[in-house]
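Two complexes are shown next, each including subunit A; its partner changes from subunit B in the first to subunit C in the second.
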Partner chain A sequence: MNLTTFYLAFAGLVLAPLLGGLVAGVDRVVTARLQSRMGPPLLQPFYDAGKLWSKVIPPASHWQGLFVRWALVASLASDVLLAAGADVLMCFFVQAASACFVAMGAFCGNSPYSKIGAQRELFQLLCYEPVFLVAILAMCKAAGGFDAFAIMAAKGPLLYKLPLLIPGLLFVVLVKLRKSPFDISASHHMHQEVVRGVYTDYAGRDFALLEIAHWADVTVVLWICSFLWATGPLQMVAAGLAFLFAALLIDNISARLTWRYMVKVVAPVSLFLATANLLWLYLE
Partner chain B sequence: MSEAYIGLLVLWPLAAGLTCLVLTSPGARSALVLSTGIALAVGGLAMAVNAPFAAPSALLGSETALHIAEGAAFVLPAYFLIRGLLAKHWLVIVFALGQLALAAYGAAAMPHAALVQNAAVCDGLSLALVLVVCFAGSFIAIFALPYMRRHEEHLRLRVSKQPGFFMILLAFLGFMNGLALSNDIRVFAAFYEATTLCSFLLIGHDKTEIATKNALRALWMNCLGGMFLHGGILLIQQGHGLVDIHEIVDPAVWAGASMLPMALLALAGCVKAAQMPFQSWLLGAMVAPTPVSALLHSSTMVKVGVFLCLRLGPVLMGSTTGRVLALAGAFTFFAASALALGQSNAKKILAYSTIANLGLIIACAGLGTPVALAAGVVLLVIHAATKALLFLCVGDMEQVVGSRDLEDLRGAVQKAPTTALAAAAGALGMILPPLGMLMGKWAAIEASLNNPALLVLMALGSALAVVCWVRFSGTLLAGRSASPSAAPSSILTSGPILGLLFGAIGLGMAAPWINALLLPGTSALAGGWGLIPSLFVTAMLGWIIGMKVLARQSSVRLATPYIGGLPSREPGTFVGALGKNWTLSEGNEYAEELFGEPRLTRVAGVLAGALLLALVGGAII
Partner chain C sequence: MGFLNKSQLKSPWLMHFDCGSCNGCDIETLACLTPVYDVERFGIINVGNPRHADVLVVTGTVNPRNAVVLKNLYDQMPAPRLVIAIGACGCSGGVFREAPNVLGGVDKVIPVDVYVPGCPAKPEAIMDAVVTGLAKLKGILEAR
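And then the complex of A and B:
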């Protein structure tokens, strides 16, 4: 590990959650404009997190603070791994660990909504993880290496070789950003049938940390998606934004699906497409 | 010098077991089991210091040893035949007769092969199995002491059956060590049969109807496996005249030769490792007392199967047989993970997860590259520690709570805090980085980059396992944190559990170095393995931060449950329609329409059976 890697890792640690927060701000502005509203300022998510941080609320379970912090550590670690150009597969597993901790905390809560949310969160994990993993493996295969740097150094945009990954990655982005039609475990609007699902029992300072962990996750997911057009930093940002806007558009024009539909139809179809793309890499 | 260690590892457990039969007082038994544990630990460590070595051994390779092994090839199937006849179990009878016929053919038609030069060989793979047996096996045997006492109190037995039980348990460990170290394939086969015998006796130990039935099922399947093994050995002797295992697994021997013997040996490994469609014997094994299922699942019986397959790895590399075996293993990983997800019976979850992880190891064996084989051995070692831990925890919780159903174990952390927390940690250890199982899985996935079918099956199996284990540990932790009023457990119960917990985590930390030991010439921290130390530092940081918060939060008053603003008269209820009081209850979603056992077993069994047929068929053509 040389000094450059260290600087990159540190930049990832600090910048990735900030980027994720900005993405959340963009999300709210764009969504408002799509609905003919003005929307909040771009930095509203940061103000919200600050407000949450100032609140001291009794926790719903003794374990939740622990799992929130573990989730935050895992999310930030996945950012750092990616920024330092480490193994993308390992970054994926570390990021998945964060999702596991969020579900664990919800399991330990005491509200029925939190528990339903935890169950649904697990089925979401079940659906997007294989798709995401196969997509990452296809990228690794196409680029000829498992390191983030190796993938980013691949000649030409990977998209030409991996067009069928797009539906799968979009599915992953929708799930990870908790967007309709896949905001199944943490319904985005609080007046819906599971309240806030997996998030119901998190409050105050714990919830602020969880928001930051979520921002870090969003950065990782969009970053990995942007590998499809990794010919330069600007192109990568553009690719990430393209995924983000597609997700926002779908969020605004679709209603939530049931988890059964997700497990039985959406996940198999997107996995099938990603697998088909993976297979044809071997025929070249 | 090595002879002394082999004696310690193989003969001591046998002798201690026999002494258990004579000295029936509980105190003497505890002393014997504890001393065997210490002897095995010492022997295993001494072996680790001396490894790798290849030495002549009178114990495993003399004329006498060979005669005993050849005798065992008749005596054991004959005993199985008698048991089959007594129980009128046709499958046992047929396969035991088949084994006898093969043994007779071998004795009559085969030239008497010369003695093996180096009868005891200890390389990385053997050492891994020996250490697993010595440590995980000893912990389980110690845990069995208080467990069996409570078990017999529960069954209200007048005459204790513990002397016989511990005799078999300890002998089992000795046979396993012999199997790991012997380099003569005939001696290996004798130990293989001996493990079949031990598992049959242990599964049927309780003598209930279901125990007998499941023991006979395990017997017929493993007799079938024994037939494959003996068939393979006879073909090797006929075609190549070899009995030295390390000469047999030299790829040069097999250039251009028929791979049928290899396929048969791999098939024997698959049966022993309870790969689909032979998974039912291992599922049946859980009717036995918990130490038996822990022993069968983690450190002994099933590890024989993967040990055999990993041993064949160098020959399988790049061959069609290897590719089909890898596919079969990966398919079992996927299918058994899916089956585990649909289960609420905690022991069945463990059993299916064992089958799945063995599938992953067999996939590594089928790939056969040095990197894949090293990943397989890492998985073998860490799986043994983690799964032994989980079995002991579930067994202990079962005795405390009175049920092994996950729904009844909900919030077990309040009744048995140490055990439930250890179980939750073990469950997370199966799936989370930087712990060992995940690292092994990661290495296996990267090793199979040239085989897309394996990649997809592993991705699916991995996601299924994550969901299964998060749900498992989340259910155990549901509710309030540990209450100090829970009854303390015996040191003989918590000691092995904590020992295995530290072992599982410590082995995870050591995984890069274990991997490097198996791959001479590579640096331990090359590639992704180099991330492990920093990930462990990060994890420890998270641990410290988390524990500080836990300490702070565990004394505060909790919020009242959010139930959508409905009024509530007492905790856990709400006032609903017509002013009626409704009690809140919770349960996990097992999605039986997707992961229901009967249908999934049928479909997956047919597909896996087809793959195993292809394994043999492909080798014949």
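And then the complex of A and C:
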């Protein structure tokens, strides 16, 4: 590991959660504008996290604090791996571990809503992880390398070779951003049938750390999506924003689906499309 | 004032509990969330979980049965917390205060920080109550 890699990894560790927080701020402002509202300030997610951090409340279970911290470590590690140009598949697996820790922490709580949310979180993992894995495999095959730098150094946009990945990646972004119609485990817009689902029992500092882990996750997912047009830094930002705005638009025009529909229809269809694209690359 | 204290004032998450209201005040409370009033511009979010809430908004009269629930919700909220009693019933029991099953206003069970009169209370008055409550919270945070 040379010094440049170390600097890049450190930048990933610090900047990725901040970027994720900004994405959350943009999300809330744009959503409000789409609904003819003014919306909160851009930095509102940071105020929310600061507020949660300063709240004193005993945890629902002593295991929860441990799982939250592991989830945060795993999410930040996936950012660091991606920023340092490591294997994208490794980044994907570390990020999946983070999602598992969140669900395990929710299972430790006493609230039935928390347990329902955790079960739904596992269903979501079951649905989007294979799609995301095949999408990453297809990107690596098209770019000719498994590390992030190899994909970002690919000649020309990968999108032309990977058009069938778009529905799958959009599905992944919608799930990871906790947006309708796949906001099944957490009820991002609160006060709904499972209260806050997987987040119900997390409160105070644990919840603040979980928010930061979520921001880190969002950065990783949008970053991997932006590999589809990785011809330069600006193009990558534009590609990431395109996925974000598509997700916001879909969130505002759709109602929540049931987990059964997600498992039976959405996951198989998007997985079939992504796999077809991967096979096409091999047969080409 | 540091970032953490400032963020407490910029991010009040509300939990609304109907203690036996006629729904008049509840509709006015929910009207605050609509594009016309848009309380999210103050960072206010309506939450359904007492563990995430900073401000408890209570409408309606208190009776011996829902007093237990009200106390339970209040006890689950993390400190520092604010309580806002909305409408004539929430403030004092209103026209029902002499009824045999009515204990009175919200302050018979939990300490109330801001009272919002009206039957029903106007959305503007409810938003003003939150702002007044935050000014009180600011005093508490600065005095620490």
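The rule is simple: the second predicted complex is superposed on the first by the 284 of 284 C-alpha atoms of A that agree within 3 Å, B and C clash if a C-alpha of one lies under 4 Å from a C-alpha of the other, contacts with A are read in each partner's own complex, and residues count from 1 in each chain.
Definition applied: a contact is a pair of C-beta atoms (placed from the backbone, for glycine too) under 8 Å apart; a residue touches a chain by one contact, two chains touch by 3 or more.
These numbers come from a predicted model, not from an experiment.
S.K.: Is this a clash or a fit when subunit B and subunit C both end up on subunit A?
M.R.: Superposition result for subunit B and subunit C: fit.
S.K.: After superposing on the shared chain, does subunit C or subunit B touch more subunit A residues?
M.R.: Larger number of subunit A residues touched: B.
S.K.: Now for A:185: first (subunit B), second (subunit C), both, or neither, which partner does it touch?
M.R.: Neither subunit B nor subunit C is touched by A:185.
S.K.: Is A:203 touching the first partner subunit B, the second partner subunit C, both, or neither of them?
M.R.: Both: A:203 reaches subunit B and subunit C.
S.K.: Go through the superposed model and pick first if A:65 touches only subunit B, second if only subunit C, both, or neither.
M.R.: In the superposition, A:65 contacts subunit B only.
S.K.: Output check: A:107 vs subunit B and subunit C. Expected answer is one of first, second, both, neither. What do you get?
M.R.: first
S.K.: Scan A:123 for contacts with subunit B and subunit C and give back first, second, both or neither.
M.R.: first
S.K.: At the Cα centre of subunit A, what angle separates the centres of subunit B and subunit C, to the nearest 10 degrees?
M.R.: Computed from the C-alpha centres, it is 120 degrees.
S.K.: Applying the touch criterion given at the start, work out whether A:44 contacts subunit B, subunit C, both or neither, answering first, second, both or neither.
M.R.: After superposition on chain A, A:44 lies in contact with subunit C alone.
S.K.: Classify the contacts of A:57 with the two partner chains as first (subunit B alone), second (subunit C alone), both, or neither.
M.R.: both
S.K.: Name the contact category of A:146: first (subunit B only), second (subunit C only), both, or neither.
M.R.: first
S.K.: Contact-wise, after the overlay, does A:97 reach subunit B, subunit C, both or neither (first, second, both, neither)?
M.R.: It touches subunit B, and subunit C stays clear.
S.K.: After the superposition, pull out the minimum Cα separation from subunit B to subunit C in whole angstrom, please.
M.R.: 5
S.K.: Based on the A-chain superposition described above, do subunit B and subunit C contact any of the same residues on subunit A, and if so which?
M.R.: 57, 60, 195, 200-201, 203
S.K.: What does subunit A use to touch subunit B in their complex?
M.R.: The contact residues of subunit A facing subunit B are 57-70, 73-74, 77, 81, 86-87, 89-90, 93-94, 96-97, 100, 103-104, 106-108, 110-115, 118-119, 122-123, 125-126, 129-130, 133-134, 137, 140-141, 146, 195, 200-201, 203, 263-264, 271, 275, 278-279, 281-282.
S.K.: Considering the complex alone, what residue numbers of subunit A touch subunit C?
M.R.: 28, 32, 35-41, 44, 46-51, 53-57, 60, 190-192, 195-196, 199-204, 207
S.K.: Please name which positions on subunit B make contact with subunit A in the complex.
M.R.: So the residues of subunit B in touch with subunit A come to 341, 428, 431-433, 438, 442, 445-446, 449, 452, 455-456, 459-460, 462-464, 466-467, 470-471, 473-475, 477-481, 527-528, 531, 535, 538-539, 541-542, 545-547, 549-550, 552-554, 556-564, 584, 586, 588-589, 591, 594.
S.K.: Once bound in the complex, which stretches of subunit C touch subunit A?
M.R.: Going by the criterion above, the answer is residues 3-8, 10-11, 13, 35, 38, 40-43, 45-49, 51-52, 54, 78-79.
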